[in-house]
Amino acid sequence: MNAFILPKMTWPEVKEALKTAEVALIPIGAQEQHGHLIAEGCDSYRAEAFSARLAEKCFPKVIVTPTINYGISPHHMDFPGTITLRPETLINLLEDIVSSLNKHGIKKFLFVNGHGGNNAPMAVAAENIARKYDVEIGHTLFVRAAKNTIKEEIHSEYFGHACEREVSECLYMVPEIVRKDRIEKADMYDSFTVKYAEDNYVTLVHQFNELTKNGNLGDPTKGSYELGEKIIEEALENISIFIDEFIASKRS
Amino acid sequence: MNAFILPKMTWPEVKEALKTAEVALIPIGAQEQHGHLIAEGCDSYRAEAFSARLAEKCFPKVIVTPTINYGISPHHMDFPGTITLRPETLINLLEDIVSSLNKHGIKKFLFVNGHGGNNAPMAVAAENIARKYDVEIGHTLFVRAAKNTIKEEIHSEYFGHACEREVSECLYMVPEIVRKDRIEKADMYDSFTVKYAEDNYVTLVHQFNELTKNGNLGDPTKGSYELGEKIIEEALENISIFIDEFIASKRS
Amino acid sequence: MNAFILPKMTWPEVKEALKTAEVALIPIGAQEQHGHLIAEGCDSYRAEAFSARLAEKCFPKVIVTPTINYGISPHHMDFPGTITLRPETLINLLEDIVSSLNKHGIKKFLFVNGHGGNNAPMAVAAENIARKYDVEIGHTLFVRAAKNTIKEEIHSEYFGHACEREVSECLYMVPEIVRKDRIEKADMYDSFTVKYAEDNYVTLVHQFNELTKNGNLGDPTKGSYELGEKIIEEALENISIFIDEFIASKRS
Amino acid sequence: MNAFILPKMTWPEVKEALKTAEVALIPIGAQEQHGHLIAEGCDSYRAEAFSARLAEKCFPKVIVTPTINYGISPHHMDFPGTITLRPETLINLLEDIVSSLNKHGIKKFLFVNGHGGNNAPMAVAAENIARKYDVEIGHTLFVRAAKNTIKEEIHSEYFGHACEREVSECLYMVPEIVRKDRIEKADMYDSFTVKYAEDNYVTLVHQFNELTKNGNLGDPTKGSYELGEKIIEEALENISIFIDEFIASKRS
Amino acid sequence: MNAFILPKMTWPEVKEALKTAEVALIPIGAQEQHGHLIAEGCDSYRAEAFSARLAEKCFPKVIVTPTINYGISPHHMDFPGTITLRPETLINLLEDIVSSLNKHGIKKFLFVNGHGGNNAPMAVAAENIARKYDVEIGHTLFVRAAKNTIKEEIHSEYFGHACEREVSECLYMVPEIVRKDRIEKADMYDSFTVKYAEDNYVTLVHQFNELTKNGNLGDPTKGSYELGEKIIEEALENISIFIDEFIASKRS
Amino acid sequence: MNAFILPKMTWPEVKEALKTAEVALIPIGAQEQHGHLIAEGCDSYRAEAFSARLAEKCFPKVIVTPTINYGISPHHMDFPGTITLRPETLINLLEDIVSSLNKHGIKKFLFVNGHGGNNAPMAVAAENIARKYDVEIGHTLFVRAAKNTIKEEIHSEYFGHACEREVSECLYMVPEIVRKDRIEKADMYDSFTVKYAEDNYVTLVHQFNELTKNGNLGDPTKGSYELGEKIIEEALENISIFIDEFIASKRS
């Protein structure tokens, strides 16, 4: 694979890469339960693998930073092994990474997020950091870039965590963290909390074990390598378009 | 109007109200440009008026706190008169309000937000505060509760700020802040920034004057008192349903 | 009324106003018990009304920001409905407001405070912010500007909260928040805490319900519209003199 | 001298002292210019000496902590040698001292302040800390306890810093820091800033070199050992009365 | 390899592991230049690999958390690709990890550090966190546990970064990040800064490019797989002894 | 004694001193138990006395700031009278002192530390502050500069607190804080905690009363004035050499 992955490069190699690279990808993950079927590093592994593929596709225009292996997961803390950061910890971490790379001349950043729980703090971070350091920042929950595939292929009422979409992504990119013999449907509650957990006109702060007994959403049994490929390749295609436009843009 | 509005009540009156009220509504606004057509307190006035109507509708089950008259508006700072808080200031303000009311026995809260720019910090605040103080918190950009009306009646490609939807809300609830002789369509740019400003798979940190010259979105000339009534009454109806279910719920 | 009240103005109106306005007034209130006789928003309503009158008197030289509806009231928390900020929350809020307006070209600020409990954090804020942003800041508990009237007309040993002075200010400026049938003298304790609560050589941290049973100080039955008028008009006169001198001053 | 001064005691001696001592005195000073006539540690030396005398007078009921040798002096920074803390640094320092002593069983504290610039942050600290740790805190700019002497003996329009009052205190308690051959009257400006620097209805953030050329206020040539003795002994007498009442009080 | 690596486990597997595991290992790395010879993720890769081996050796008594891929590297910022955290960011990250695992029942922690620049903030973090959460924490720059080997085998005057010791560790554990054709001696300056950079009676804050031109210390050409094996196996042996004693200890 | 001690100087004297002085010494102490034999201000008194002697030796090239009388002592909190700061309080205090003196033109600083528990936070502070304010900072636990004497004269297995070394320093510099009739050997535990308390390959967070019953280490009965003289004079000599080289260095 030909891609600029910072932790795998020596400083003279980075120096050379900075002659062509204009955008830094920062992969953000989580350490969080993903049911009986996916290992808890799921979001970190996916963000890291996706960023590496994106860097390969966009070579030599982007660099990838080391992965942030922790995210915002207080709603999963009732499941063993979950670790959560306070939002300000993640925000400060992102600021430090951006401000360091800014000193090396990088002016454009894309936060490549693998975990929905990071979205709000990531947005707060991006808004603050972009203005404080006068840099340009885009942020994405990368799988949202597979809009068409998701619309066409995913039909569960609730999905987005340890579901058919996510297990497919893993089967395609990091199959070693999937327990293929433990893939099962979500065991959901039918409750007030589920109704307002998200995607409704009011959002209710909740714990994930108020929603699902096994920690899954949707129907992971419908996941496959092929679906994963379709999701990831659409997302890679769309985000690489963004990156090309991002590099071409002259905003001020 | 019969509603429990805290700043308008004496302490013995509050003491009496707390015998029936279970939910506190916290109106969150902004001081931010809204084009040539709406005064800059728009989001504060709308959040305050909406909360008062909701309190009347849900009387005697809810109380309303004083309005937070400032929000997160860095993207509007190029327009005179806009004032922005840092996200942590808003988060701390919400924490102080919730923790104070918690001492008076309130355990359920609804953040009633009038400004989209507050969404991410509000979500961060709700997640933190609910767990830190062991209280229940819902949060809403209240106009999202008028889902049907918006789907049926609003057809602009971009809207959500000083647009036909917002001017209609004002005409219905706070007409005195609308300059009826200055209502005009948005004067939009056609650019990279507009494409990724929001509602796309990547979100780009941006300034509002990269999107629109006059500060509007969409087509405010299509707004009306009647449209405002339809929006607000649908939102009131839906959120009052949430409140009833919120009060009825026994979550732990 | 002819006055520059920011939340009531559109951005083109603000742009025009900034051609003549040199001082920003920031009204600071509280949500805090004021006995059986005044609604809890008393200090916010008074600060807002006073600032508006001052802006009218000093038109077109000043602008008024949205009111800060919360203050520092931990000592009143034993009375239902009181909400208190941490001092740092208020300090940060003031910093954000000043720094935002500074970007719009305002260099002189007057904090118009309606609540004694805000005095120390307000002073800390003013000292910090003025130096950090290189702006000029004055701060006032506005009623102190009615020095002569208070000296001549108020004779209670303890006063300053839900007293004859404050109820008079309300009767003159915001009579709708006074419960005229519930005006009664303070029901004070005679204790160590009262002795050192303030205005002595040692100041003791205290709760207001250690001082007074009904939440009042002094003798509100001696209050009147006429006394309110005398207080407010003297304060307006004196502070408008300050503003004229503030604008005329060239300090370095 | 018989007094419990913590830094001069071993832990077994402290253990014994805690059997009778109920109040901790915390001396707060400053490193700040005091004209040509007093050394810059003036406020620290005075607070330390006063606290030691007070501890002797109140023996064995009080202990004295090490002196805080720095204070809030941004307004003196234009004079060489002045060092200033940010207010939050002083507030945190006081919190750490109180919380540590609270673990050793002390429940009552008196902040003994030698520098007016510390007053507002000290008040903020006292309010916060007393409630956070459920302890009782009084705070004093100790010289204010000499009310009668000051009223009778000090006649300058402006005083309170490197003035006849302060140099007298030094001559009585710490004469080694007075340059007796350099005592001279303040060389004041006549300006807008002086008018509103303090003790007026608006307080203006200012620099001390806008007020006085040599750094003094008032007329230090009128100071004397005898005046110092009168001031300090009255203050000691009054504050020792407070301490007796503080110890005797049962507040909750 | 048989070891409990949290990100590679599902929640039911973690639940099972927590029946025997008593100590959590937290690997801490850095993104920092390591000369022409080692990739910049060196300290992260080494900390992660060492922790995994230690977990295998101590199976089933320890778990390993995801690796912290960033550290404190301001002194290397003049070399391209280095990223540094503020110390408080690392401290907060460690607090969040410990407090999360504490909720899952872990009471004993070992910070496994791969980068000397993290030592002081790591020590500060350990002291704070252990007392705040009432847990037991040990911390180690793991290579220090190879005391005998280092004493016997390393003879350079300055070493500890991109030196014979570190390249040997990499050759043994993570050879893929070594550029074997670029291994060369340090190109040191002879200066005041080098003299006091560390290991002297005064420590001087410095930049690494004041010490060495190529970013190395010592003589990496003397490194080998065999030396790496000797270092790592001694360190593993010693730290596994600590872990056994840590688990056996009953401290309060 | 001829030395520039800031708190003992007037501002015109400081102004004159700044013509020759290039380095500021900041003495850092602690309020912490030192067994039955030394008063709790030991580390503050030693740091202050040492700094004064160093200033005399280096006259007129250095100035000395007021002493920081508190340090980081959570591990001693089980002994009466100990007071501990949070690390961030000390770090902020040092930042305020350095940034203030930087405004007066000082560019080189030496933190003169008397207490080992301050080492890690002091190092964190030095790293942060030096880069933030672009100043040069060295830091020292000053007694480490007496390397030869300690190697030759101290033979206890554990020492470094209320030991033969420290009591000797006191006997030489501040004999009034030594209780000569209470000097006795440490009464140590033999335990896991002692083994890993420090100077081993893993450092364990611990409390001092897990190590020693009387609060001492080593054998203070072997201390003497003569040993103190040898230690202090060697340290003074070595650090004065550093200061000369520090002043001579041109690092840019």
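The chains carry the letters A, B, C, D, E and F, assigned in the order they are written, with residues numbered from 1 in each.
Keep in mind that, in the parts below, contacts are C-beta pairs under 8 Å (C-beta built on N, C-alpha and C of every residue); 3 or more make two chains touch, one makes a residue touch a chain.
A quick note: this is a predicted structure, and the numbers were derived from the prediction, not measured.
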{"item": "Contact distance in steps, from chain A to chain F", "value": "2"}
{"item": "Intersection of contact partners for chain A and chain E", "value": "none"}
{"item": "Copy pair chain C, chain D: interface residue numbering same or different (half cut)", "value": "same"}
{"item": "Centre-to-centre distance between chain C and chain A (centres being mean Cα positions), rounded to whole Å", "value": "48"}
{"item": "Distance between the centres, which are taken as Cα means, of chain F and chain D, whole angstrom", "value": "27"}
{"item": "Set of chain C residues in contact with two or more other chains", "value": "86, 88"}
{"item": "Pairwise touch network: line, ring, star, complete, or other", "value": "ring"}
{"item": "Going round from chain E, first to chain F: chain order", "value": "E, F, D, C, B, A"}
{"item": "Chain F-touching residues of chain E, taken from the complex the two chains share", "value": "72, 74-75, 86-88, 110, 119-121, 123-124, 126-128, 130-131, 136-140, 144-145, 147, 192-193, 195-196, 201-205, 210, 235, 238-239, 242, 245-246, 248-249, 251"}
{"item": "Interfacial residue positions of chain A with respect to chain E in the complex", "value": "6-12, 14-15, 18, 31, 33-41, 44-45, 65-70, 77, 79-86, 88-89, 92-93, 96-97, 100-101, 103-104, 177, 179, 182, 215"}
